[in-house]
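Alright, structures below, take your time with them.
Here chain A shows up in two complexes: once beside chain B, once beside chain C.
Let's look at the complex of A and B:
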């Protein structure tokens, strides 16, 4: 393949990665924005979503689309519920103290991960995509006969991957409408701005925190259900999304939702493009190091306000 | 007895007890204790930074790995003997901690944790990337002949125990002296109230940098010792898990307490040892321990001891 079609393929793959990433990172960003805590167990909620998707599709059987559609609803709900309960049981009792929350969520991380290892087992298990046609893509090239449309071999995308991009955009839109147009969204934003004043106005801040924590985890689980037909479910799969989501939230500016979206696309795309052209490990080394350097030299992120 | 006298008695008592353990305990526990002492040095390294200076690093495995690979690779590829290799290991950790300190200390709070986490991840990936030399996850073994400390064989049970004991004694005593010194008190002042320390005229940034360097170097000593005494060098020791474990040990034993690291490592070691008889998912115990600790005993076992028995505990 020539450079042009190759780059287009890399960009498409990058968009798919970015679509999953934006959902996971949004979950982390909302939790940080409203509750001011760093949820290290976020990657495990992602993993739990993928594992539940496998269980649901296994139990329902029949056409893969039935299981997938059911998983799309059930997995985020269950994961959100688990997160809300762990918030009530653990985080609420340590008063959301930043350091202790990190330690507590590291604990939750190991509990979820190891419980999955004991029940789901160490194997990677696939979930079948509901539909998976291969769509060839055209490429335009100038030659002696003017502009020509060619169909380079290997330049294609599956219909499922297109669906992932579309689904992520829909969820983002729905989330935006939810936060800006509904009463619950208003309450969440009020809590984010000033939890003390919100409490004085009768907002049940404790309940809002649990809901936000659940919502954040549910978004991660939703991303995982979408990714599991592309990447298999495995009990250690949470580590990469966690690191990537962290990166995105930091680059976007802690707590800034538009920043998160922009950063997710930047990082997802560059990850897709770099890993097509370079060795994946080298790409990861460069990406991780660059993000650390951005944090060092521009700690407020791209869209965040500078701390005084 | 004065407070200083009590503290010295406690530390020397612990060392005497560890010495006695070699003659009393069966071989299995002697082996376990030499491992515990080396890992306790690692935990002491983190405790200086986290417990005393209040900086939470989630990437200390990079310093441990720097010491480990500094020693292991120089023995394997440069063919140097143990003592210079040990020096190279410590030097690698020291250089790395200067670099990481200079960069990471530009950030504070949550960003500091994540920057250290990412630097450590970078180092881990670099180790995997150069798998041709490091053998990646699989790691490599140092042969007995390569591990002679002058004419002293560290591969025997006794050799291993006494080298670990000697190193641990030096670390514990100098750590206790450091904490009691005015330097240590300044670190605590920074932990308690950075703004006030700065207002009182202390160069906060310089003290934090020194804390990172000391902490990283001590962790590197532990890494080099681990490779020397147990003869194995592998990428697992550079992974996130080995950054989380020392945090767990320090928290469990008691952050900001001199005896915290040893208690934490020993407690966790035997807890995992007991539970691994029942399940392969032994990290579940670590997770439960972290949650329970942070909820009910945020100051660790030494913290409880201080509150209930020894109010003078340093």
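Let's look at the complex of A and C:
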């Protein structure tokens, strides 16, 4: 394939990866920002979202769009609820102690993963996309006859992948409005800035924590429902998104939402483009190297505020 | 961040109590009474076969069906009186589809469970990681892995593959069909580890011998989940795409390949590994219509189905489309799992020929299997006749090429045992035990 169309294909693939990544990383970032909890089980909430999407679409049957639309609502709700309950049952009992929450969430990770293996099984199971047309894309080329439009071999995207990009943007916008324009958002931001003072002003910090933990997990689950018609639901699928989300959150700045968005697109695009032209391994090496450099020279991340 | 050092360690008494309970549980599970009613042999204790299973990790879908086949085969063996008048018991250990855990599993078979032989496992990196340990433990290790590592001489006298053919043999017998019917300029897409490298190396040689060439080789990491970005490396001149992928993302791979090419695809020749445990009628796979697949054993029932195949299919619980009888969406790994059934029957035949009584007879068992040669098609060998090569510890058999025709895989060509033979690369019988 020529360089131009090849680059365009890589950019499109990178944008799809980045769109899913931004939702997953956003969940991780909100949880850390408000609760100061490093949630190692985040990837498993992602996986749970995909698995539930499969169950929902299988149970409803009919046109794939029905099951998919239902999954889009039900899966994040259920996953959010599971997360909120595990916050009440586990994280609250250990007083959100930073070290013990890491061990606690590792425990949650194993419980969710192995329960899925025992019930859902080891297979990768597909969920049908609500719509999936292949759209061939044109490319413009200067030749003797002036500007010409050509249709290069393999340069295409599917309508569903475009939908994923738009859906992710919509969710991001909604999330931003929720955090900045609603009262619940205000309470969450107050808890984030100073939980003790918030408590003194009558904010039920414990409930806010459970809601935030649920919201973080629900965002991961939503990302998974969007991705499951492209990939398949599988009990080990949580590992990669967790690693990528951590990379994004460290580069963007833990707890910083704009930083997370910027970093997600940076990592998603570099993963898409570098792995097309060089190798996927190199893309991972560069991302890891970037994390190391950020930790050395700007530990608070691109947009994070330095701790005083 | 402040680090709190709360010293709330478990008390010593509690720890000892916990250990005691654990040890007790292990001891009880080891004392499970064996099945009764077997003919009086010198020892009526069960023969224990350690089954190394991909219960978790990327091979778990294979592990589950290897388990189902193994259970069915053992039941048949026990129903007909066991081996040398003794019942057979399977001891299962999870290898996590991981080489180091595979070696640990063998160690447990020998030291914890006192197994007579070890058996199982598909993924080549697990076999390659486990085999040296089998030789150290002097534990006969029967693998069902397809890789060329057994016949290449890379492993040892304790490792044998009597139930499934190896990649080199499969590839050698496929190349003439591809070159003569599909095209001579081939792009290969394969997983980036030993099994994929076997495909790459042997197919490149085999197609050149037929006057064709491999125009591009695309290696994909085995844990990859997104594939579109690899496809632009397929050269425009490609006439045939040869694909063989494994792992949980196989369906994504095939689907994205279809989306990449759209209506103007080259010919496709795939190893069914790219779709094991996946229904051919899954959404997004419509473009596979009239493409070709290698199958170790035809997943869909053919018109000329043999009596043995019919009985075997029912015993392992599969319907006419190779899916579970309970759930038509639960597709088996039909093209590979017959290897477990046949390997267990070879172990039985070997133990009977060697009059196997216990671990002291392990070398006699290996020599007895090495002495085997032609095995006719029967219920012991439902995939078809086999020819075992005692020197290379590798079996040879027929191969199937199926064409997807209206959603069904119809066998188009059967390669004979002779088509897949190649020169010996090792003589394990000259190695000392």
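To be clear about the criterion, the second predicted complex is superposed on the first by the 295 of 308 C-alpha atoms of A that agree within 3 Å, B and C clash if a C-alpha of one lies under 4 Å from a C-alpha of the other, contacts with A are read in each partner's own complex, and residues count from 1 in each chain.
The rule we apply is simple: a residue touches a chain if its C-beta (ideal position, glycine included) is under 8 Å from a C-beta of that chain, and two chains touch if they have at least 3 such contacts.
Predicted, not measured: the structure shown is a model, and the values here were computed from it.
**Student:** Identify the partner contact of A:98: answer first if only chain B is touched, second if only chain C is, both if each is, neither if none is.
**Tutor:** A:98 sits against chain B and chain C alike.
**Student:** Just checking: does A:117 make contact with chain B only, chain C only, both, or neither of them? Give me first, second, both or neither.
**Tutor:** Touch status of A:117: both partners.
**Student:** Per the contact definition in the header, classify A:243: touching chain B only (first), chain C only (second), both, or neither.
**Tutor:** first
**Student:** Tell me which partner A:295 touches in the superposition: chain B (first), chain C (second), both or neither.
**Tutor:** So A:295 only meets chain B here.
**Student:** Touch test for A:281: chain B only (first), chain C only (second), both, or neither?
**Tutor:** Touch partners of A:281: chain B and chain C.
**Student:** Please indicate which partner A:38 is in contact with in the superposed arrangement: first for chain B, second for chain C, both, or neither.
**Tutor:** Touch partner of A:38: chain B, not chain C.
**Student:** After lining up the shared chain so the two structures overlap, which partner does A:126 touch, if you call chain B first and chain C second: first, second, both or neither?
**Tutor:** second
**Student:** Applying the touch criterion given at the start, work out whether A:70 contacts chain B, chain C, both or neither, answering first, second, both or neither.
**Tutor:** neither
**Student:** Residue by residue on chain A, keep only those touching chain B in one complex and chain C in the other, then list them.
**Tutor:** 98-99, 117, 281
**Student:** Which residues of chain A touch chain C once you look at their complex with the stated criterion?
**Tutor:** Per the touch definition, chain A meets chain C at residues 1, 6, 9-10, 13, 17, 64, 97-99, 117, 121-124, 126, 128-129, 132, 134, 136, 153-154, 156, 158, 230-232, 234-237, 240, 272, 275-276, 280-281.
**Student:** State the interface residues of chain A toward chain B in the complex, per the touch definition above.
**Tutor:** My answer: residues 38, 90, 93-94, 98-100, 102-104, 106-111, 113-115, 117-118, 239, 243, 246-247, 250, 254, 279, 281-282, 284-285, 288-289, 291-293, 295-297, 299.
**Student:** What residues of chain B sit close enough to touch chain A in their complex?
**Tutor:** Contact set of chain B toward chain A: 56, 103-104, 106-111, 113-115, 117-119, 121-122, 125-126, 128-129, 240, 244, 247, 251, 279-284, 286-295, 298.
**Student:** Taking the complex as given, what residues does chain C use to touch chain A?
**Tutor:** Result: residues 1, 3-4, 55-58, 60-61, 63-64, 221, 223-226, 228-229, 231-234, 236, 248-252, 259-262, 264, 277-278, 282-284, 330 of chain C touch chain A.
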